[in-house]
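Following this line, the structures themselves.
Same chain, two partners: chain A is paired with chain B first, then with chain C.
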Partner chain A sequence: MNTSVTSIKLVLLGEAAVGKSSIVLRFVSNDFAENKEPTIGAAFLTQRVTINEHTVKFEIWDTAGQERFASLAPMYYRNAQAALVVYDVTKPQSFIKARHWVKELHEQASKDIIIALVGNKIDMLQEGGERKVAREEGEKLAEEKGLLFFETSAKTGENVNDVFLGIGEKIPLKTAEEQNSASNERESNNQRVDLNAANDGTSANSACSC
Partner chain B sequence: MLSPERRPSMAERRPSFFSFTQNPSPLVVPHLAGIEDPLPATTPDKVDVLIAGTGMVESVLAAALAWQGSNVLHIDKNDYYGDTSATLTVDQIKRWVNEVNEGSVSCYKNAKLYVSTLIGSGKYSSRDFGIDLSPKILFAKSDLLSILIKSRVHQYLEFQSLSNFHTYENDCFEKLTNTKQEIFTDQNLPLMTKRNLMKFIKFVLNWEAQTEIWQPYAERTMSDFLGEKFKLEKPQVFELIFSIGLCYDLNVKVPEALQRIRRYLTSFDVYGPFPALCSKYGGPGELSQGFCRSAAVGGATYKLNEKLVSFNPTTKVATFQDGSKVEVSEKVIISPTQAPKDSKHVPQQQYQVHRLTCIVENPCTEWFNEGESAAMVVFPPGSLKSGNKEVVQAFILGAGSEICPEGTIVWYLSTTEQGPRAEMDIDAALEAMEMALLRESSSGLENDEEIVQLTGNGHTIVNSVKLGQSFKEYVPRERLQFLFKLYYTQYTSTPPFGVVNSSFFDVNQDLEKKYIPGASDNGVIYTTMPSAEISYDEVVTAAKVLYEKIVGSDDDFFDLDFEDEDEIQASGVANAEQFENAIDDDDDVNMEGSGEFVGEMEI
Partner chain C sequence: MSFFDSLRQKAPFLDKLADSFTPTLTRDEKFRLKYKLPANENILEDTNAEVSFATSIKDGKGHSDRVNNKGRKTAYVYSGRLFLTPHFLVFRDAFDHSSCVLILNISTIKRVERSPSESYEFALLVTLYTGAKVLIQFIGIRYRSEQFCDKLKLNLKENIPNAKTLPAFLETSYSEFLIAKNILGKKDITVPRAGLGQHFKYPGNPTMVKEKAKLRLWFDYFRENGRNLAVVQTPMFRKLIRIGVPNRMRGEIWELCSGAMYMRYANSGEYERILNENAGKTSQAIDEIEKDLKRSLPEYSAYQTEEGIQRLRNVLTAYSWKNPDVGYCQAMNIVVAGFLIFMSEEQAFWCLCNLCDIYVPGYYSKTMYGTLLDQRVFESFVEDRMPVLWEYILQHDIQLSVVSLPWFLSLFFTSMPLEYAVRIMDIFFMNGSITLFQVALAVLKINADDILQADDDGMFIAIIKHYFQTLGQSAHPDSSDIKYRQITKFQELLVTAFKEFSVISEEMAMHARHKYEKGIFQNIETFMKRTQLRHMPKTFNLSSDDLSNIYDMFYQSIETYKISMGTGSSNMGFEVFIQFLSKFCDSCRPCEKDKDPAFRKQKRNFLQRLFDNWDSAHIGELTLNDVVTGLDKLVTVDLLQAINYFFSLYDTDGDGELHREEVLQLSEGLLLLTEPWKSGRYVDLLTKKRIEDDIAENIIKESGGEIATMNQIELPTGVTIDEEKYKVEQAERYLKAASNFLQRSFEYAKAVDLAEEVNLIDLSDDEGEEKRTVKQKQLESIKANAALDPTHPKVIDLPTFRMIILADETYELFFSNTLRSSVHVDEHVNIDNKNKVLRSMFDGILADGKRVAEQVRRRVDSVATRSSIASVESTPTAAASSITTKEEKYDDLDDFTSEHQPENEELLQSSWFEIDDANETSTKAIQERSFEPLSANSSEEKSNLIEFEA
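On to the complex of A and B.
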């Protein structure tokens, strides 16, 4: 059977130091049975997972610090199919900020973006840290805004995979046939040029000499 | 001269997270900002380089410096990225026009704006449109494209092909005969003309080495050269100079025109049967965002809504409007539009670029190649009823480029004519485009069901009686529905040039040595405003010149080495190193006072 691959652009949002990047690193470095070696470039982290016989390739964009001074670019949000809005369960300020990011996403991103609200650092609770954001508060906000909700620990890995699996399951996945026909239809409308697919010098020369 | 030792790049300075995994051969990957240690919540106290303005040149420079290992703070007084290269919504344009006309945006004048009520309170919203302040096209073989690949910034972007370059002549838009094959098959060209064209094309691809052919004409005009040396006539001469070379007037010199014509020809068939690309969602505004993101990943700090107030070269402290300060150990780079109050060193901006941007409610797909959403239309000298001496260039973008909704189209018109004649030329070009579109629209007889009948086997038969009646009653249709018109004059210190020359970007070299008491910008370096150049060629040259001033050499400009699993697995993928530079700018700038630069750098 043909396994289809769906690419998902996923963006991270949240206050600095809530551990949003750590969640991603935990996800991409975990020893998932089906996972391939994660790929890193200057652009984004990528990681593939298999969900119900479909392969989902996450393209995970980190803010690179541009969120600190309200300086994210429109390109960050564009065409994102999923977003993680992360807060720290021991810091109520980060939960207030998470509300702002959810609002920002609804204004800037596409309407059908799938948003997961993630309360991170639950490992701190076992180490004597005091919970400042009740689980019920997170659940309530998620229910109000139609978000997925998870509480995680990037440190221990608890629930990290569930976040991405939950998003993957919610993304409508196409069968191989549907994907082929959809991409054909898209290509005929708007051809996209792949900058990595240049003709090399030899064929260029032969074309000239025709 | 003594080249300062290159600082270890960011990738070398800090080990990647994956160095600690069990991977036996860790990938050579850069440190991703914010991944390992949370970034500070305040702006840095001290940086190597401060850059004000997030236009194309400043953004490419920021990325090059960040990946080279410099500590960069990159700010913009606007609340959006792009500055002079920005892609703006209609509401942002409205605000921008007000700022231009009240004088708070320098280097722009005479902004006039019409917005239909259909935008905002009608069927379209402000965010449906992305309007470029300095629209540009990307040649397939060019410095910037090489850098986009090398830096991986292209992965943030989407590109589409641009095939159609039209020449306006005798009230028609003639499509270029681009290829040798098209020249051979063009029924309208005499055989002798075809031979002469083929001869010229063979020459121009290797023109520098054939000095005996062009050197006697080096100081003469290209039209003389083409007419006398290759026996080409006016239509071919105009196409080569203005539609292929994208030159501005008939005074263009031979070496400059040859360089530009070759740029087009060598860009053909690199990615397909077209010479140029356009980025979706906006042109320079998108690319600026991409390079800014790359710089941020490489460690640069970004802050919008941050306005520079002054820089003191003695204490090396820059002060911002919100009261914060930063010590800048090496250089302060400022876009002229971001010059602080009481600045005295902004270079003179003596050249004008006149621009008109229109949004038309009409899909206008006749001008595009199949599957494309972009086209160039060129109005050569003398082709307009205004008697234009300079070219008017029209860059057309449709809905497929995602900068405007379905059923609408954006026309970017520009000219290098100076003074009041410029607006006359642009108005004449706009009228010509409007009339051409109306003529093409009215030829759709198939839409009139009373005239057209279908026979049993599906063939179309025009009802001759109805047709006659219809023509008698023919009344010209209403004029086009314009949703938006924006006219402005942009000033620049860069003259309309034939070939990008790095010396154009050294305008403030002498100024750096002067100290003016009370000036808020002593000791800074200014970048240049965009010129009329429709390609990105000037961007890389300008960024390299600045990079060399800061670092001391441009040898490691975007000297990056990312490994990518997909890239390794793919077979036959071109390496960025294989791309030739379309514009030869290997000559280093003459570094007068280079000893002074070395002394100033704390490396």
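On to the complex of A and C.
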């Protein structure tokens, strides 16, 4: 296994209560909490995964969603290499907000930031919730703006790891070319996320110690 | 304040001062802040006095040696100052202002009598509802003391209705319950309705013994020193708070210390009223609250029940209605959830009010400026007190705010286990927001050694998180001394925070806030502007620079709205709208004619029409987006669109036809809009062209038709332009256009079937002279044209209107260019900055001189190529007479032919005499600047020549 570790600073943005923190919790601790307290300001968590025999350490900045916290966001997306812009597929307003965030990131964040557009809460569709943002709408926005696109459920875990995997794949290609040139033979069918952090369930910070 | 306002008008930069986060407090404000009194409690009287207290309780348990033989206690006598406000009597000792502080709501006073006193001339004996007595001995001049007593008497009289509400209020007080149960022996008395903790248990595992012991201490204190609305605060009071308030007392002590109790007493029923009045209404805040209800201290069992959720919902929504500027901010849900464990809904509501108003202003505002500011202040404290740690944090690029912001914003409720967080709150309500800084500093200090090992945010956060989770453990587990081992981390934290960091004072925080607020506000304003500009409606004619400029002017106009604080309405009312447009629209600028009331009325009518048209939500107010959309239509570059838009302003019913009355109003609007050109304050392109033509004509005359090559051309050296002549011509042209317009309108109007009585003649009374001429002409037209017979109503439709406008050169130009270029959205307007105005006018003249010269030269070029045609082209009027050459002014003119500047279209459109009384200057400037010797750059001219021929 490659000993070098690539750190990826990743920031989550999106309207309040779309499930930003839950996506992170699922990714970092493979856990879900029904009534999670809103994030005040921001939270920071880390998770290591192995992509193509290369260790990637995600430094995740999870931000508060309420409109008035938006002025704090630049503090957290500063120097971020990747961003998840999250919306709730049952809340059209949250998709509008996602558009704004994409715009803001393109204008204000680092030039080569990788953005993934994530429609969350698809589990609610099975539970009788009505879809208000069509998959095509999300795909269209993603195509227009050059974003990765996923629909996820933090509750069931569906697609959550794929989001981070997708981002992880894009970034080493860009930044770690030199250090990684030898291992360029990509075994495309061998790409797995290795959730190597054994979680004790207390909190995500366990992931930081690894 | 009026003095300040007038200063403000003179110097806009002083605005910043007015926005100041901590404006200098008045004596009354300081006083209210100190004793947490409601907003209207101003000091009416104050005097030096000596005060002593005697409790009424004769339960024999008074083990103090202050009981004399008669069974009445004599107490210490405190010397200090006594204040009277409309509803309070406040006394504080002279020694340290905290040995004895009496805060007495006058509703608690049962009787006041003059007391015989040996050593004092004047003394009052005040008997309270509890039977306790306060002896006030006045020090000072007799008549002042009398005055104080008279005021007190008056207040007491006025307060009688309030005093009647006291018994009901006291029933909600736990301290009264405690006294009643234990002293008066009322065993069947019910516990006052309090927080959720009553049924859902209080957080932590308070041993019953300890809780009981603490309650006993408070019981003793209340008996001795009074309670709730009439309490003497001594050092013991603060000590009891520091050791931790018993859970059952906590709600009341928070309420008392924060002054929320005074608010609740003074505003009895208000909370219920707000809830009832707004029942069923929705708002953005309500939506946001609903999202978070289940996410507020979810681990506390009450918040997994509908009862707990409902209480939380009520308090948060009531507050969002009470203070819509704040509405709802995440973290308030957590704080209120914390309050509600110990307090009733009404108590928590008023506590939240005072929290937002007094303790942490701006924390939860729409821009959260208070939070951002205090984070900066906190950083400066860390830098100052723990420089090594600060250096380390900087080096490792650790975001301190990631951990500290939630501490401040949710008052440690989410960071620490509840049982400890509420202990911090005990002290917070007593000592104010400085408590947050002290505790936060202590947390960093205690963990400094570990933090210095952390090399990224993750480890830093982990250290702090671990620390908070182990607050109950021993701070010194390895110590050999058992006593030392027993000290918990939480106790250590309190000692560090309130002993070591007691040097961090409220004054220091204020000082630091002053220092950093400007930067913080600027950041917020930049951010807000960027965000809002991004969310602007799509514009076709306004550039992003224009939008930025409009944004600035918009918010400069709405003085009540503070961008950085996020308070006040951000919409524009009609009066402000008039002011706003007058800053950058030539037609709306204040002018001489404003003195004419009829003209003013027309102006208002037109602006009202425009305002209503822009007001997309029909709320009588414009949003920034309304203004942008409206201006975008107004400055359209498309001639037909401009005409259509103007038509639509008057076609209020949208049927595509204007009736007679509407046509008349439209013509009034046109007259009004064209007034600046009619009165000669500005010139339009037609006039400009005329002038240039005349000049060119003149030059050709001078040269006597002998222009063979470009090099031979010589410009006349000085030219006076007969300004008056052009002004008159222009005015005539506009008047003619106006009268033609009306005449044609009615000429081409189509007949409609329904008869409509309009008396045109009636309209001419109470009108300005300008108007009267027009009316006169209208009348003439009517007489001349049978079609205009008012008994046969006619309408004109949009195509007709377009045709009429396009038939007139002046009006066509007006819609294609003049109007658009008279709306200076690109010009940054600095309110009341006279220097700027003068300067831009001067710049205009200067550039215009050049411009004229440019045109002349071009003219000469064309003349050179087509000299025979030139004379035919130029208007065959007495143009030459208006231009006289003045040889003597030849000498010191610059040679600027070498710099063939690209034309500045904007400058071209500004006028040569923007301000009437500056005519002399402008004329002179033109004389000096316009006609300079021209030694043409032959190669360049040749290329022009070729282009021209091609």
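Methods note: the second predicted complex is superposed on the first by the 150 of 210 C-alpha atoms of A that agree within 3 Å, B and C clash if a C-alpha of one lies under 4 Å from a C-alpha of the other, contacts with A are read in each partner's own complex, and residues count from 1 in each chain.
Please note the rule applied: a contact is a pair of C-beta atoms (placed from the backbone, for glycine too) under 8 Å apart; a residue touches a chain by one contact, two chains touch by 3 or more.
Keep in mind that what you see is a predicted model, and the values were worked out from it rather than measured.
Ranked by how many residues of chain A each touches, chain B and chain C are led by B. In the superposition on chain A, contact of A:16 is made with both chain B and chain C. When both complexes are overlaid on chain A, the residue A:25 reaches chain B alone and has no touch with chain C. After overlaying the two complexes on the shared chain, residue contacts for A:75 are found with chain B and with chain C alike.
Applying the stated contact rule after C-alpha superposition, one finds that A:119 touches neither chain B nor chain C.
Contact with both chain B and chain C is seen for A:64 once the two complexes are overlaid on the shared chain.
Look at A:100: by the touch rule set out above, it reaches chain C but stays clear of chain B. Shared contact residues of chain A, touching chain B in one structure and chain C in the other: 16-17, 37-38, 40-45, 64-66, 68-71, 74-76, 203, 207-208.
Residues 16-17, 34-38, 40-46, 59, 64-66, 68-72, 74-76, 100, 103-104, 107-108, 203, 205, 207-209 of chain A are the ones touching chain C in the complex.
Contacts from chain B toward chain A in the complex involve residues 16-18, 21, 23, 27, 29-30, 32-35, 38-39, 41, 43, 80-81, 140, 145, 148-149, 151-156, 158-161, 180-181, 205, 266, 268-272, 277, 281, 286, 289-290, 292-294, 296-298, 301-306, 371-373, 400, 560, 562, 564-567, 570, 572-574, 578-579. Looking at the complex, you find that chain C touches chain A at residues 288, 291-292, 294-298, 329-331, 333-334, 365-368, 372, 399, 401-402, 405-406, 409-410, 414, 456-459, 461-462, 465-466, 523-524, 527-528, 530-531, 534-535, 566. Of all residues in chain A, those touching chain B in their complex are 16-17, 21-22, 25, 29, 37-45, 62-66, 68-71, 73-76, 78, 188-201, 203-204, 207-208, 210.
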